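One chain, chain A, appears in both complexes that follow, with chain B as partner in the first and chain C in the second.
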Partner chain A sequence: MRVYQVPTHTRLWLVITIIACSLPQLVRGPAWQAGLLGLVLLIRALGDRQRMRMPGRWLRGLMMVSVVALTWFSFGRIYGPEAGVALLVSLFSLKYLEVVRQRDAYVVIVLGYFVCATALLFDRGPGLFAYVLLCMMLLTTCLVGINHSDTGARSWGHLRRGAVMSLQAIPVMLVLFVLVPRVAPLWNMRIDSGQARTGMSDSMAPGEISELSRSSELAFRVSFDGPAPPGAERYWRGLTLSHFDGRTWQQAMPRGMDRKDYLYQAGDKEPDWYRALMTAERGEGYRYQVIMEPTQRQWLFAMKVPVLEQGDAGLARDMRLVANDPVADSIGYTVTSYPDLVRAVPLSEEERSLMLSLPDRDVGRRARGLAQQWRLDADNPGQVVNQALRYFRQQPFYYTLRPPPLPVDPIDEFLFVSRRGFCEHYASSFTFMMRAAGIPARVVVGYQGGEPNALGSHLLIRQYDAHAWSEVWLDGQGWVRVDPTAAVAPDRIEDGLRAALSGSEYDLESLAALQSFANSGLMGRLRQWGDYVDFQWQNWVLGYNSQSQMQLLRQMLGSASPLRIALALLAGITLLLGLYMLVLLRQDRGYRQNPMEREFWRLHQRVSRLQGQPLDAGVTPGQLAERISERWPRASQAASQWALQYQQALYNPSVTTDRVRLRHLRRLRNRLYKLLD
Partner chain B sequence: MRLPAPIQKRYQRWLARRLPRAPVVVLNQRRIFIFPTGYGFFYLGVACLLFVGGINYENNLILSLSFLLASLFLVAILHTYRNLSGLGLRNGDSESGYAGESGSLGVTLFSEHRDHHCIWLKWEGQSGQQISVLTGTESTLWLNLALPRRGRVLAPRLKVESMFPLGLLRTWSYVSLEHFCLAWPSPQASRDCPAEGGAETVQLVSSGKPGNEEFRGLRAYVAGDSLRRIDWKGYARGIGLNTKLFEEPAGGRLWLNWDALEGVGTEQRLSILCYWVLMLDQQQQPYGLKLPGMTLAPDTGDSHRLRALDALAAYPEFG
Partner chain C sequence: MQALTKALGEVAKVVLGKEDQLKLALTCLMANGHLLIEDLPGMGKTTLAHALARVFQLEYRRVQFTSDMLPADILGVSVFDPNSQDFTLREGPVFTQLLLADEINRATPKTQGALLEAMEERQVTLDGVTRPLPKPFFVVATQNPSDQAGTFVLPESQLDRFLMRISLGYPAPEVELALLAGGDLREQARQLKPVISSEGLVKLSAMVDKVRASHELLDYVQRLLEATRTDDRFVAGLSPRAGLGLLKAARAWALISGRDYVVPEDIQAVWAAVAEHRLSARQGGSVSAMTQSLLQSVAVVRR
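Let's turn to the complex of A and B:
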């Protein structure tokens, strides 16, 4: 048997492919990996040119050991996603050192597939995926190259063939992607993709939300099925905070209440409040889809009162959605929010006492006095609320990202001394005063507003849209949202943070970072386009799970039975492959005439048609001319001239049949046609 | 993989029926088989692994990568098939040889519609040769063929195989060309010349002295004349290529005769005749050959020798 060698015309492609496939990891991983790849390529280049001996088994073993050691050094371990991928990419580089035969090249190519796949573990953007498709094309090119054993083969031919095959494979891949049923994970391999970023924490102390507001990172995106509510109505609730220790607001469950009673998850026994909610009159609702960035927390964002349509989450008694697991990857869910449902939520005694609880007497002495005064002056709780808002409006309160610190008493110092604060200060002190006045109240944190993408499909909610507000319990109306910030800075609610702060010189510095996100000029438009693509990508590609698949298949196929899916798969693939077959084997049909033959058969067919009876297929040009002169005597001269020229072109070795000669013949034939009619 | 004998036999019969012998064969879907190679199965395994990975990590992109691998495999089926489909094969020349040695058969590959890359041709069970055929061209490949016995050796089934372009699939076809190689009898030395036409023949040959013929004149060279009889001196003088003519030998015409070897087995007779044909040719002695049903007039020269050997090889069916 002959030993297959990797042909020289493929080496360059192998090198390019190895660099391209490793690149995402080289950019992300430790620097020594790039050094290793460079070293391997150098040794290989020198070895191929006979400038040095290729390293033997011992040296390669030594390199292998040092790679493992370096991985240990960089990651502290050699397993786990990060370290594992680093090791894989290093192996991929090292393997190139010992590529001699075709089989080695196959191993390199297979490792390349895995390297491409692992790149997708850490980044799922459309850009990286397109890049990985490019790498796959290069890998295919290498496969073509190592199987092309002609020594004289041209390198560009491999690329062309690889590209053609990859492009033909992509539609088939799409069919498979849409139709192959998604299976539930066989075992749990969730990885922390390191995407825990800025985001809301489960408590609120002064200054925490204003800290968040300095970030313009994406929190989540929303696309409405129908019309979107106006900006001032878009309050995305995340958490309710009902325990106040004098400085920090925290999540709390009413004393004596069971978790099962507080949080309803699909499959559990339905608590009373949930049953009441589901049977109540719903009224108009907004249906929308949320695609959330990873937060590593369990709570989800939705408007009041959310009813989950698609996705996995439970509903808590305080009208918010809770995911089953912390959100480690971007996830999507569909919700319909019914604002009117809020009346159906009851307030139990345990809840009422929690919502009225206040910290020790030391905090907010003056505020308590003021609130109790208002309560005495008012006829009903609603008037107290209005009185408090009026107080914020009329006193010189300022809305600012950089409030002064409130070291001693966050409530009184804010309300009566500094009077400069961010939404959390307003929400906190307002809720405090309401409780002091005997009205059940709680702080809600979440996001407010959202900036529409110029392409119109969805809203973007960024970290700087983070917000805190209050909810008070009014008999007959249920939990009513009150936003004290709106009393101080109506712009914040209507037009967002940037508009609200743009007048204040004090905040200009903090704003500078956010200004870059203004949608102005070319960059703004490009960013909007990028975001649009990203959103659709999240929505259609990353968020395409078994639920949305079943929904789509039901729409497309009528019902999503296994038989129908199998038939659709078969039909789709057969159709595509049949189409390719037609194109690829197109030239197989029949014999292709050369231009001279075509010239003859055109006249032959024309004469047959005109005389109404088929001519013998074996006639010579001379016989054809005779036939014409018998039938059309006035064409006899033109016919014999044509026959003469034709025969000369065909048989006279001194006459070349070039394009000029063919054109001459065609002209003669056309003149002949005119005489035939 | 060897199948049990009855199945093997049935399979061979089926192949023979499906792929009958023909002088020209153009490969089409009736004749082409296709199956994944070992590497192809390995590749599908990798696709499955990525699929499981994509499912477990709930990563749609890794999942689509596995779908891309599967799709490439499907597309590769078409391309691999296409590389063989439309390839034409026909008889080329053949080179005869002595029985027990090997001859070779020329197979001409032609292509009208497309390039065919990296095609392997081999007789079943032997190592092959590789060739690429470009559109509109012809290439001839000589394939050695063992000649186990005298006579016409029909070309065995030729395996035409290709794994281009991805090496994931092997596509092959069996071609039975209506093509044969003549195996001359292997010469068997014998003391007595089975000849008639002069008692002195034997002595003449054993003395090994040519030239009992009289030079008669020159005539223009005709293809097939023995190179040893060309008037090279005259050629050097520039009077063109001429062949020297000699008088008939004094002892009359020399006939190698089948009947002179009575009592000897057929193959052995032919081997002895073959030996003497070679012997006399070496001596530049004109000789004729008489076989039952066939007579070759006395002459000398390379083409005469080949004719004589071919006649011996073809006995008893002279075509």
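Let's turn to the complex of A and C:
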């Protein structure tokens, strides 16, 4: 059998394309995959030059079996997203060995379209998207190439055509992107990105948040519709912790309350507190969009008191948003926060007793005594709160990322001995003392502050913005936020962690990590731009989910019925094809007259009109000049000059016909016009 | 180029008042093509051929074609030499640089065919031995258009071998007067001064191939050819070979006119001489007028 050879002008493109399509997996996957691709390309190159026989059926079978074995060895299985994609990419490279017919080359290329798209399973950023588009362009280039029967074809010509075709496909892609209804995936692919992400956990033990502060990873991004509240007001609540076991604060539900009472989800029966909240006077609010990085947790971040405008989440009684599913992918939601609405939230008896509960006597004995003393001295709970804050401010407390361990009693040891701590220590001991003084209190964890993007569109909240603070219940005011850290280290709240720690014992390594994120210099600007693009991408492309799609479609089409969507799709694509066709028709009216040729016919027509008798089509430029000279003797010199120049331009190959010459000819012609009539 | 002008001037001394035809004949020679002169007797066909041979220092022979002629009379014959006990080739008149084939249509097709084959191949095969003809090798053939009795008309395929066909026609009155006043022109032709050597002529025809033609010009030529094919007044259109010949003749014309590139005027100048004898009318009508009309209707510059 004659072995099909990929045409030489396309072979290099095919190799580049195969490498490009596999590259994301080669970077991500085990090293042997790159080795395999290298081996395949080498064998193929030698085979194409007749230096080596192509491997036979048995050898290829052996290679395939070993690829499956290696994949199993590397991943422990051969199915699932990671192992499956790895196997697919390996088999894709092996397929290149098997190209013995033109049909096989088609298979490789069509498979390539699929292989390069699998990279998007693991990352959906704008960069990788652009890369996949590039791969598709290369694949199209190869398709163009192998369909060329002309052996002398130019390789760059293929790229040009491939690029043009891909670019022409982009508007169609946009129409499909906007209009084709998003269906829920048929299978749920849970792809863990390898290492566990840093982020809030659902409890708070000493040292956990300070650990988080060392990470500069992005937690979420916020863009405000109106003005943003000042930095000191930006408390992004994530969780409220109300059970304390002496060491760890945890989430808890008041006794006797079930989940349905505690958490309102759309479609449920509305609990009393929710109805009260919705009917209450709202006051001023801040409207903003949040785009959150995946956390694998259900809670969402928002300021107090959030009313969800768009997104899938329910509202919990402690005034926080809870997603219906763990956040496995970056998601977006729109919220309006009404700070005044906090007064409308009631406190039930069961809740009050939970918010006052303390662990057994052993923990915080001195703290309890101090708190009860304050309560006795004070007229109302507000004074107790102020007394406690005054205590933190006046005693020598330090704000540090490296607090000493508190092995025995994390409350008393901290309050009376070490007095060095991070926000969780302050929040924990403050809440403890408030409860001891008989004031319902709880710990809130979340993020505080956020750094604005230099391009001004949004706030970035990073892991090092993680924070813990307290809320106390004051009759008549509802849940009031108290941040004891602010009493100790006001800089932390006003200017963020970096300001609070600079110059202190904050270790150099972490400091460097933070500094590298400072918005100075070219790198800083580039990073800001990158972040800006990423944000817009998340917002407009990844954020375009089925919900926002339905909303848009309803706005555009009146209602989002399947018939209307289908008609809109048809209309959109027909419109695009019509546009392309118009362009093609304009271009392809047989032969495209070049400007030089138009020059001639302009003069030809003018002379025909002026002499009142049409000239022959077969008049040469020289003859045209003669005709002019006969009829308008005074124009004879200008006419012969024009004819000479024109003849040179059109027929003398050593005279370059450029724009300068064209302009010159046009001038000559215009001068000639003046001499006619 | 000056030599060419001078050569033209020399020939014009004996062929009076026919500058255009002389220029065409010269063009044909430069383009390495054979020339067919169609004219009544006594118009100066022989004088023209003679003068060309003289001016270019070409070896010249003349063959008067008759109906009883055999190919051997032109190509040559092997003769047994009793002294050497071997056959030796006696070369025919075709072994020359310029052959005047007078009244070619009087010969039988067999003889015509032998000559035309030699013209095309520029070599002669006799008794299995192939012998090249001298370089350059030109045939100037004549035929009488009106006296068709007892002639064998050249078929179109044979006519295609001639690059050009021209006719001299009657001289203008004042030219004829000068002619009558002068002496024997045939004798004067013998006295003409040689201007260019035959090697020089070979060099000149090599230069013809270097004359350049722009894309726009080739486009014009192509459209002219196309027009002969789509025009249903003609039995058949011009062949690609005719197109190449047209271009080559135009190149030579451009060179004689002192240009190193072809302009549409060059094409138009050689058009009739190159195209007319290759075309035939479907039903009556003058091929000449029809061929000429194409020059008017086909746009020189594409619109």
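Everything below uses one rule, namely that the second predicted complex is superposed on the first by the 542 of 677 C-alpha atoms of A that agree within 3 Å, B and C clash if a C-alpha of one lies under 4 Å from a C-alpha of the other, contacts with A are read in each partner's own complex, and residues count from 1 in each chain.
The rule is simple: contacts are C-beta pairs under 8 Å (C-beta built on N, C-alpha and C of every residue); 3 or more make two chains touch, one makes a residue touch a chain.
Predicted model only: the values in this text are computed from it and were never measured.
In the overlay built on the shared chain, the residue A:Val541 is in contact with chain B alone; chain C does not reach it. When the shared chain is aligned, chain C comes close enough to touch A:Phe600, but chain B does not.
Contacts of A:Cys423 after superposition on the shared chain: neither chain B nor chain C is touched. Look at A:Phe129: by the touch rule set out above, it reaches chain B but stays clear of chain C. Look at A:Gln647: by the touch rule set out above, it reaches chain C but stays clear of chain B. When the two structures are aligned on the shared chain, A:Val619 is found in touch with chain C, with no touch to chain B. When chain A is checked against chain B and against chain C, the one touching more of its residues turns out to be B.
Contacts of A:His148 after superposition: chain B is touched, whereas chain C is not reached.
In the superposition on chain A, chain A positions 591 are in contact with chain B in one complex as well as with chain C in the other. On the chain A side of its complex with chain B, the touching residues are 1-2, 102, 106, 110, 113-114, 116-117, 120-121, 124, 129, 132-133, 136, 140, 143-144, 146-150, 153, 161, 165-166, 168-170, 172-173, 176-177, 180, 182-191, 329, 541-542, 544-545, 573, 577, 580-581, 584-585, 587-588, 591-592.
By the touch criterion stated above, chain A contacts chain C in their complex at residues 591, 593, 596-597, 600-601, 604, 616-623, 647, 650-654. Those residues of chain C lying in contact with chain A across their complex are 212-214, 216-217, 261-265, 268, 294-303. Contact residues on chain B toward chain A in their complex (touch as defined above): 39, 42-43, 46, 50, 52-53, 55-65, 67-72, 74-79, 82, 85-86, 112-114, 117-118, 127, 130, 132, 163-168.
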